[in-house]
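These notes open a run of structures that come right after.
One chain, chain A, appears in both complexes that follow, with chain B as partner in the first and chain C in the second.
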Partner chain A sequence: MNYRVVGIVVLAALLAAVPSVASEYWLVLFTQILIFGLLALSADLLLGHAGLFSLCHAAFFAVSAYTVAILQTRYGVSTIPASLAGLCMGTLLAAVFASAVRTRGVYFILITLAFGYIVWGVAYRWASFTGGDNGVTNVPAPALGGLQVVSKAHYYYFVLAVLAICLASYRILTTSPFGLALRGIKSSESRMRSLGYRVGAHLYVAFVISGFYASLAGVLYIYYNRFVNPVAASFPISVEAILMAIIGGTGTMLGPFIGSGIILILRNWVSGFFHYYTAVLGLIFIATVLWAPNGVMGLIRSWRSGNRGEGA
Partner chain B sequence: MTAIILQAINGLSLAALLFLLASGFTVTFGLMRVVNMAYGAYYLLGGYIGLSVMRTTGSFELAMLVGSVAIVILGFFVDRFLIRPIGSNHLAQVLLTVGVAFFIGEVCLAIWGGDSLKIQLPSYLRGSVELPGGIYYPKLRIALIAFGILTATSLWLLYHKTQIGAVVRAGVDDREMVNAIGINVDRLFVLVSAVASFLAGIAGVVGGAFLTLNPGAEWDILVLALVVVIVGGLGSLEGAVLGSIVVGLLDAYGRWLAPDFSYFVLFGPMAILLLFRPTGIFGKEH
Partner chain C sequence: MPKFRALMLGSAAIALSLFLGSTPAQVQEKKPIKIGLLAPLTGPLASPGTEMVNGFRQYWNSVNNTVSGRKIEIVVADTTCNPDQALTQARRLALQEKVDLLVGPLCGHEGPAVAQVSAETGVPLVMDPAGADDVTKWKRTPTVIRTAVSSSQIGHPLGEYLYKELGLRNVTFIGADYTFGHEVTLGAVKTFTDLGGKVDRIIWNPVGTKDYSTTVNSIPANTGAVVPIVVGADRIRLFEDWFNYGMDKKHKIVASYWLHEDVLPQLDDRAVGIIGNVLHYVAGIDTPENKAFVDEHIKLYKRVPSWFAESAYTAGLWVKTALEKTNGNIEDRDGFLKAMRTVDVKAPRGPVKLDAYDNPIQNVYVSKVEKVKHPVLGDILMNKPIKTYEAVSQFWTWKPEEFLARGPYKR
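Up next, the complex of A and B:
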């Protein structure tokens, strides 16, 4: 327990020190890692805790980003109401898409994939409203009250603060009776059902909460990126979020961020000298599934418990 | 009135193309519980290979043959060395085959570039024919519909009227039992998977003449094929036929009547259907 407290303090201190030691390149990359880590974490709430493999999390991410972008640029709505509207729209969409929890296994995977494509299709085709392929550009910097967050370091701290709140709430959620019930459903749905748990309702609520976190990542993303196009809603984003969670280690809080760091640093590095990054990404998918299905956290865990190769 | 009929034929020709892809996906899933998301990439690669063959030799038949045989070989290696080692975990299968699809997609981009390409048609498929009622319609699309019907019929006969089909159906219902009575299901799967890859390759060459080949086309076509499979029910050949027709028609009328929301027209009914019948029309619990 003490180790954990020390670990959290050290980690927090390191993250807080990033702007003063890192160059702007790394600062921007770190901000991106944190934002996509949150997206991966939201997908992992379903994958690691409830055992559902969703392929539509880019949809909530993109819908909230688009909502904020359109409200800010076209209607001049200020940061806080626009962000809240973005969160609401993303979460509402999750409440609709959560109907997918009526299905399991392959059907769930395929249906969430198809749902994700609806959102991408609308973002891409409904050009008069979403800007089509060009998306929405020139989103202003966030302003909290009279305070404009202009510098990259300030925005990094802002993301870090939001994340701290997110992680605390995530921790409370996953250790609550509700979170434990989700883990129970993941292990044995029929047993939980016979114990009298309303499995469907639990999964539905988990899906909506997960959508909320993904929407939050979307809001952080739009103020980071300052523009959004249909790529944000595309299938590769959804599947990459899942991959990040798996590479880091599912069912943990740190894992998705480790995964996000590995993928994004690798992308930035590889793109520098190799034109076909997606091919490398494809190989990472294959390698992860074949050789590291439990991710980095799984490796650490098996190393700590001394029985290598067995995994968690 | 003419427009309504034209759109119906448009929808049916797309349905024929989708059926080629969806039938393979659904039967391989039924037999081995393998979700292979790389079929879209197989389609695209088959199409590009066909395109190159067509450009060098000028023979459409040869393009179809080389394109599909290349995919059969590729599909065999992917099955044997990547999919089989990971067992029956759907999550792993999806991630792995998505990885394979990303890789193939980038290889295609590196070789054939990012422009939309179209396979040149042989002279006997160019032009249009006059249908009863004075409607002129491209020959290719009529030929595609005929080809789809032919494929569906032969698959149906193979599946329901032959010994191999009987064994495959038995394998779909209860794989362990079929194994236990001495039939090598793994070997059977190699055969079924080869047929599926073959159809995906053919679909690519035909689709390259009928639609276009471009980066990203693999996902567009795969998602349509998945909707076919979801609507029809995983593992059901009849479901794939019905699903293809439904999706083909919805897509054609959707693009015509509500172009901005054509994806919505396509996926909305699917979502509603699933609320009432989560396993699709002909599907069983998996």
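Up next, the complex of A and C:
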């Protein structure tokens, strides 16, 4: 337990020190890693805790990003109401799409896939409203009254602060009786049902909360990118969020962020000097499946328990 | 001991003098100019992306990578034809690599994203060859200029050509269903219908359509001509299905954007005689500038350049011409942009210069596929211009204000 406290303090100190040591580009990349980490974390609430493989999280992410972008650029709404509207729209959409929890297994994957494509299709085809392929550009920097967050370092700290709150609430959520019930459903749905749990309601609520986190990631994303187009709602983003969680380790809090770091650093930094970086990404996926099915966090955990001579 | 100390002092003095002496000398030897090139090197558009990099390198190699005594360094970044990736890569080039200038991107929808990075960082962007109309019309950025082409710029002459030169009164369009396709197609529809022509049908196909049989079979029987605007691998699929279903015997086909030089090697003699493009560049343009460019390109890369290679080549030429005017001073961004906006460039595609909205005024060529004997490549298909629309503006014959008030072409 002490190790954990020390670990958290060290990690927080390291993250807080990033803007003073990293160059501007790395700072931007780190911000991106944190934002996509949050998206991966939201998808992992379903995958790692409830055992549901969702392929539509880009939809909530994009809907909230589009809402903020359109409200800010077209209607001049200020940051706070626009962000709240973004969160609401994303979460509302999640409340609708959450009907997918009536299905399981491959049917759940298929229906979420279809939901995701609907949102992508709307963003792509309703060009008069969403800007089509060109998307919405020149979203202003977030502002609080007269205070505008222009500096990249300030925005990084802002994202970090939001993430701290998110992680704390996520921790409370997953260790609460509700979170434990989700884990129970993941292990054995029929047993939970026979114990008298309302499985459907639990999964529905988990889906909506997960959608809320994804919408929050969408709000952070739009102020980071200041640009959104249908790619944000596309299928590859949903898949990537899941892959990040799997590589980092599902059912953990740090895992999705580690996965996001690995994928984004490979794509953005390694691609600069190594042309076949996608092959490296492929090898990492294969290696994860073969040797680290529980992701990086699973590796760390087994290594630590091995050292102490404990069981898993 | 004193001897040792003297030695130390002496060597320190020498080192110091060397250091002091070398600093001003280094300043005099001018810093290289760093250009960031954004192109898709993986993904569906990797082949035009590679052509773009080749064309750009070809130009700079031809002038020894030097301008006004300054070396040129090119940093290439892979955008994968994804706007998010393009945005991140543009930021990397601007912030990490500290490039003096950005050139790219290729895909239309990456254009606005990269333009935004230019607006954020102030690094000038030479947009090539992304076509999004918005960039030089409704959503202009002071640091962004375009050296390639706006989508609808090639659509307008097409409409007039169909009506006036071919005497067609009713046609069917096959449009690629995304922003670029909409802008080219609807641009042509606009000029064609303004003259009095009638559009029988517009058949929209998403990019990556696997099967064109339903498309070719839904062409109205008595239509005057079929006008395809298709991109990527769809170009070959349409070609195959067109002949497989015997459409060549039923209909006339006049393409606006179809048989480019990069797909011609994959086609056969059935393509001969087809009007394959209405475009601002085809490899068969008969000028000394273009001959030199095409021959050199074939020598280097063993293939006939399409407009992607020419476009990047001209972007290089344009930058060099502007930099020569400002004595290689790219640090003065305003001065450089002003020079880019005012120079006249003799490109392989013909004379080009910018209009007041930062889009090139240039020729648009209607071209026909012909079979020619090439000394290096042997028997090949080549696009030869049969009609030239000279000095075409992105606003065609309308007043800019009138065009802008009308709004973008949208499906």
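Simple rule for what comes next: the second predicted complex is superposed on the first by the 287 of 312 C-alpha atoms of A that agree within 3 Å, B and C clash if a C-alpha of one lies under 4 Å from a C-alpha of the other, contacts with A are read in each partner's own complex, and residues count from 1 in each chain.
As a convention for this text, a contact is a pair of C-beta atoms (placed from the backbone, for glycine too) under 8 Å apart; a residue touches a chain by one contact, two chains touch by 3 or more.
Note that this is a predicted model, so its numbers are computed, not measured.
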Ask   = Regarding the shared-chain residue A:Ile246, is it in contact with chain B (first), chain C (second), both, or neither?
value = first
Query = Can A:Val289 be said to touch chain B (first), chain C (second), both, or neither?
reply = first
Ask   = Which partner does A:Leu147 reach: the first (chain B), the second (chain C), both, or neither?
value = neither
Task = Report the partner of chain A that touches more of its residues: chain B or chain C.
result = B
Inquiry  = Which partner chains sit in contact with A:Ser128 here, chain B, chain C, both or neither? Use first/second/both/neither.
reply    = both
Partner chain in contact with A:Ala12 - chain B first, chain C second, else both or neither = neither
Request  = Applying the touch criterion given at the start, work out whether A:Val106 contacts chain B, chain C, both or neither, answering first, second, both or neither.
outcome  = first
Task = Based on the superposed arrangement, let me know which partner A:Ser23 touches: chain B (first), chain C (second), both, or neither?
result = second
Query = After lining up the shared chain so the two structures overlap, which partner does A:Thr278 touch, if you call chain B first and chain C second: first, second, both or neither?
reply = both
Task = Using the touch definition from the top, say if A:Ala201 reaches chain B (first), chain C (second), both or neither.
result = neither
Ask   = So which bits of chain A does chain B touch that chain C touches too?
value = 127-128, 275, 278
Chain A residues touching chain C - in the complex, by the definition given at the top = 23-26, 28-29, 32, 127-128, 132-135, 137-138, 225-227, 229, 231-232, 267-269, 271-272, 275, 278
Ask   = Inside the complex, what are the residues of chain B that reach chain A?
value = 29, 33, 35, 82, 85-86, 90-92, 94-96, 98-107, 109-110, 219, 223, 226-227, 229-230, 234, 259-264, 267-268, 270-271, 274-275, 278-280, 283, 286
Residues of chain C that touch chain A when the two form their complex = 41-42, 77-78, 82-85, 87-89, 91-92, 95-96, 108-109, 111-113, 115-116, 119-120, 132, 134, 139, 178-179, 182, 410-411
Key: chain A - residues contacting chain B, complex   = 47, 53, 55, 99-100, 102-103, 105-107, 109-111, 113-115, 117-118, 120-122, 125-128, 235-236, 239, 242-243, 246, 275-276, 278-279, 281-286, 288-290, 293
